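Notes follow once the structure below has been shown.
Chain IDs A, B and C follow the sequence of writing; residue 1 opens each chain.
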Amino acid sequence: MNKTAKRLLRRAPKNILLSMISLFCVFPLFWVIVAATNKSVDILRGTLVPGGYLLENWKTLVSTYAIGPALLNSVKYSVVTTFVSLVVSSIAGYGFEIYHDKHKDHVFAGLMLTMMIPFTATMIPLYQMYSKLHLLDTTLGFILPSISSVFLIMLFRQNSRAFPMEIVEAARIDGENELGIFFKMYVPTMKATYAAGMTITFMNAWNNYMWAKLIMSDDTTQTFPMLVANMTSGHYIDYGQLMLAVLISTLPTVIVFFALQRSFVEGMTGAVKG
Amino acid sequence: MKKRILAMLLTGVMAATLLTGCGSSTDTVGTDTETETEEPAEGSGDDAVDAAAEGPQTLKVWCWDPTYNINALNVAADIYREEHPNFELDVEEIDSESISAKLATASTSGELDTLPDIILFDDTGFQKNVISYPEIFTDLTDYGFNYEEFSPGKVGMSSVDGRNYGIPFDSGTAIACYRTDILEQAGYTIDDFTDITWEDWIEKAKHVLDVTGCPLLNGLSCYNQITIMLQSAGGSFFNEDGTANLTDNAVLKKTIELYTEMVEAGVYTEETGWDTYIGGMNTGRIAGAMNGCWIMSSIRSAEDQSGKWQITNLPSLDGIEGATNYSSQGGSSWAITTSCENPELAVDFFKSTFGGSTALYDEILSTGAISTWLPASNGEKYTVPDEFFSEQPVFAMITAYSGNVPECYVGTYFQNAMMDVANAVTEIIYSGTDMDSALSAAQDTLTFEMSQQ
Amino acid sequence: MKKASVKMRQNMTGWVFVTPAVVLLIVLSIIPLVKAFLLSLQTGRGSNLTWAGLSNYVRMLQDPTFKQTIITTFEYMVFSVPIMIILGIILAVLLNDQMLKLKGIYRTCIFLPAAVSLVASAVIFRSLFAMDGFVNTVLVGMGILDTPYNFLGHPTSARIIIIIMRIWRWLGYQMIFFLAGLQNIDASMYEAAKIDGANKWQSFWRITLPMLKPMILFTTVMAINSALQVYDESVNLTNGGPGFSSMSLAHYVYNTSFVNVPNFGYSCAMGMLILLMAAIITFVQMKVGDKRE
């Protein structure tokens, strides 16, 4: 009893700090949830009490905007992007680290540079290329620039350092080919990294607004964040409807995070010991 | 070793260039098989109508507000379809900033077939776009559109060098709207704010603030407010020859002087987002609004404030020659692109609707879209008292105001000038820079931006 | 001899593994970059461009708005990056404690903002800091302020709020990387240190930080990079205002192309400069931090 009390006391500052930061992080989201259940006017008056207007907001949202197709598009683009990008980028990250030599290190440094290219600078040439290749308004067009993600390559390259080379050597002696080693040894071992990579890639793909806005002009191809952005530019802004849309646009990424969080942690604990 | 990497990169680049090269060659074949681009029809009348009936009957449009211009288009399409059952309109909602981005990319890449048939532009950016991307705009001068039935100032907004590139849409006539219930608490009526000057306005606004705690106005930074005040006296950021004119500009200086006083007195709140701007009036935090008449649709969205609003004209700039109580802000016009395969159809559509149907304007009036087509003000709904605005016949009032709006020179570099002036105003208000040096810095920046183009 | 060929084959396999990613990046980043560079040597209004040599680069030196926006961008970087990294490490270390209850809840809470899109975050923050927003209501209610303060309307506070929003949105994201890095540190190292009589503070400095070094390097490069390219916050939260006072360089680049009278050449030249700055900073960091033992 006494002991636990002592321990609690010792942990108090830590918990207070963590709670405060958690609160700082979560409060704006709590506010969105409250806002989604209130009338536009009440939201602007700064209410912090959940209201009973959720259903009304939903009805206006659904009747004003075609949210179904936009949601479906976003899901399609994000899932495909995440899958393809993880395969291509992880294999490259693995390649850069496990088979590293001076040349590959230099190529990698070159790739790092491409990460620094501001999108605004290459937007015009890229659009030009897209237009010529008829990639505008297509799923392929949307995912193409995200497939080879320097960020993911970097993540896998960094994390591969913790991947024990002895496993690779042992497998080679057993006569396993290099691709086999990657898929049979590396992928299962690096589950944690994949979970993290998946969460992040999905998030980026889902929230990718500028690119989508540039290449998707057809109503049938527009994404959910584009729809949210359109909602803030009208002569009249229905906050209830807007906040509900903001909430809906946040849900999928949150769900992915929750879903992967467990395997993320599980993968972590088992990762290195393999 | 470095050479080897370079060689490798080059090989990669070459391979990739080959790839794109292939793409573009197939593309040329593709465009060749498509329809030949049509030359603008000479003359007008029956020829044009015949031509309109032959080509494709679907028009693709880019515009941005479902409750406003998109709604207006759809109503227009329904009206046009009564006579032309095959007519289809494919409206896509794209915000005006994305439209600029797409124009830029389409124009520099020469891929004009990515553009729709019709695009809506803000009047303040129309000439800029025509001058920057002349290849995108169809010259409508010889298509026989009834421009003479529109207010000349409005038509001028979308004309360059005497050629017409746009079809006028909504009016941007500026109005001042006030919460009469709040004014009443301070002992004022709408008449105390009608036909007054800005100095008078500021004194009264301070009193309202003292009594009720409500600023009379807010705005998206200073952009719209400065434009409205400047143009109410026919002022401009430029000389007639197009050169920057920020330093020796009495109208601009008076405007900034008054604006600074308004902000410092707390009677004008600068907002950073459209949402908080609209929010200010909808919650009753702000007791008024001053903007193009389209702002009424935003005011109206607070249904619980029905009957508490009235509109009137603007204050005038004190001691300025040519000062009036009228101005304009916003308003937009349609452009027909050169990638439109059936421009005759597009012109005919506009002629029969936005340039020929009082029914259309009556129908879209409730959204706040007020016509610049002069005969529309004869529509029956224009004279009906408006319940929301305390039974004032607001539309007739606005139509009357619009006749008094002074003509102004907008200029191609309007957007640049506006940003530079906004920055000067920020320096004056928040850093205490004196007006002359702030404006002369802005003049230098603007002249710089206009150089080397 | 045979050993050498095995080595060669493995080396080739390595190239095969990295090729798809490298080719894609060349086509989608490097080629457009080269084209953008060529564009930066041209000048003109809209699409009527003529060759102009380095005049766009000279132009930058004379452009007051450019100077102002580059200073603002550096402010965003200098204030947001260290706070995010240091706080991220502290949080990760605290959350890495096996005994800590509610660990999962804290972690989730802190990470959640990263899931919110930038468009949405801007809407949220603008509402919170509005004149009648939550923050003003609380501060006036507590008597700290007499009248509501126009946070987003004043140059300094607008910049601070952009920094706060960046920290809010990216802190959890950074933290996750450090958590991942910490998980990869073998617990036996701490036990050994404990046996050697090191206290927690010492083992943090001697084990945790050195082991986290690659991760710190990685996240710092990413964070600096994204700070140099700040665009969405500037556009959506303050629209660069008041005046140009909170406008980032990337926002100005965008405006030069798409809001003002378009000057693509100049816009591309400024883009090149952002790239150059990022490259230099990263290069220095890599030289300092990425030494293989």
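Methods note: a contact is a pair of C-beta atoms (placed from the backbone, for glycine too) under 8 Å apart; a residue touches a chain by one contact, two chains touch by 3 or more.
Predicted model, so just to flag it, every value in this text is computed and none were measured.
J.: Give me the two chains with the most inter-chain contact pairs.
T.: So the pair of chains linked by the most contacts is A-C.
J.: Using only Cα atoms to place each chain's centre, name the chain farthest from subunit A.
T.: Of all chains, B has its centre farthest from that of subunit A.
J.: Just how far, in Å, is the C-alpha centre of subunit C from the one of subunit A?
T.: The answer is 15 Å.
J.: Distance between subunit A and subunit B based on Cα centroids, please, to the nearest Å.
T.: 37
J.: Taking each residue of subunit C in turn, which ones touch at least two of the other chains?
T.: As it turns out, subunit C has residues touching two or more other chains at 22, 30-31, 39, 123, 127, 132-133, 257, 264.
J.: Please set out, as single numbers or ranges, the residues of subunit A touching at least two other chains.
T.: Residues 44-45, 107, 123-124, 128-129, 229, 232, 242 of subunit A each touch two or more of the other chains.
J.: Indicate the residues of subunit B shared as contacts by at least two other chains.
T.: 9, 20, 101, 104, 108, 273, 275, 279, 283
J.: Provide the residue numbers of subunit C that touch subunit B in the complex, in ascending order.
T.: 22-23, 26-27, 30-31, 34, 39, 43-47, 49, 52, 55, 59, 62-65, 122-123, 126-127, 130-133, 147, 150, 152-155, 158, 237-239, 241-245, 255, 257-264, 266
J.: Show me the residue ranges of subunit A that touch subunit B in the complex, using the header's touch definition.
T.: Touching subunit B from subunit A are residues 40-41, 44-45, 64-65, 102-103, 106-107, 110, 123-124, 127-129, 131-134, 136, 213-214, 217-219, 229-230, 232-239, 242.
J.: Residues of subunit A touching subunit C in their complex?
T.: For this pair, the touching residues of subunit A are 11, 14-15, 17-19, 21-26, 28-29, 31-32, 35, 43-46, 48, 88-89, 91-92, 94-96, 98-101, 104, 107, 109, 111-126, 128-129, 144-145, 147-148, 150-151, 153-155, 158-159, 161-162, 178-179, 182, 192-193, 196, 200, 203, 206-207, 209-210, 225, 228-229, 232, 242-243, 246, 249-250, 253-254, 257-258, 261, 268-269, 271-272.
J.: Quick one: in the complex, what on subunit C touches subunit A?
T.: 10-11, 13-18, 20-22, 24-25, 28-33, 35-36, 39, 87, 91, 94-95, 97, 100, 102, 104-121, 123-125, 127-128, 132-134, 137, 168, 171-173, 176-177, 180, 183-184, 186, 214-215, 218, 221-222, 225, 228-229, 231-232, 250, 253-254, 257, 264, 267-268, 270-272, 274-275, 278-279, 282, 286
J.: Taking the touch rule as given, give the residues of subunit B at its contact with subunit C in the complex, in rising order.
T.: 9, 12-13, 15-17, 19-20, 97, 100-101, 104, 107-108, 110, 128, 131-135, 220-222, 266, 269-273, 275-276, 279-280, 283, 285, 412-413, 415-416, 419-420, 422-427, 429-431, 441, 444-445, 448-449, 452-453
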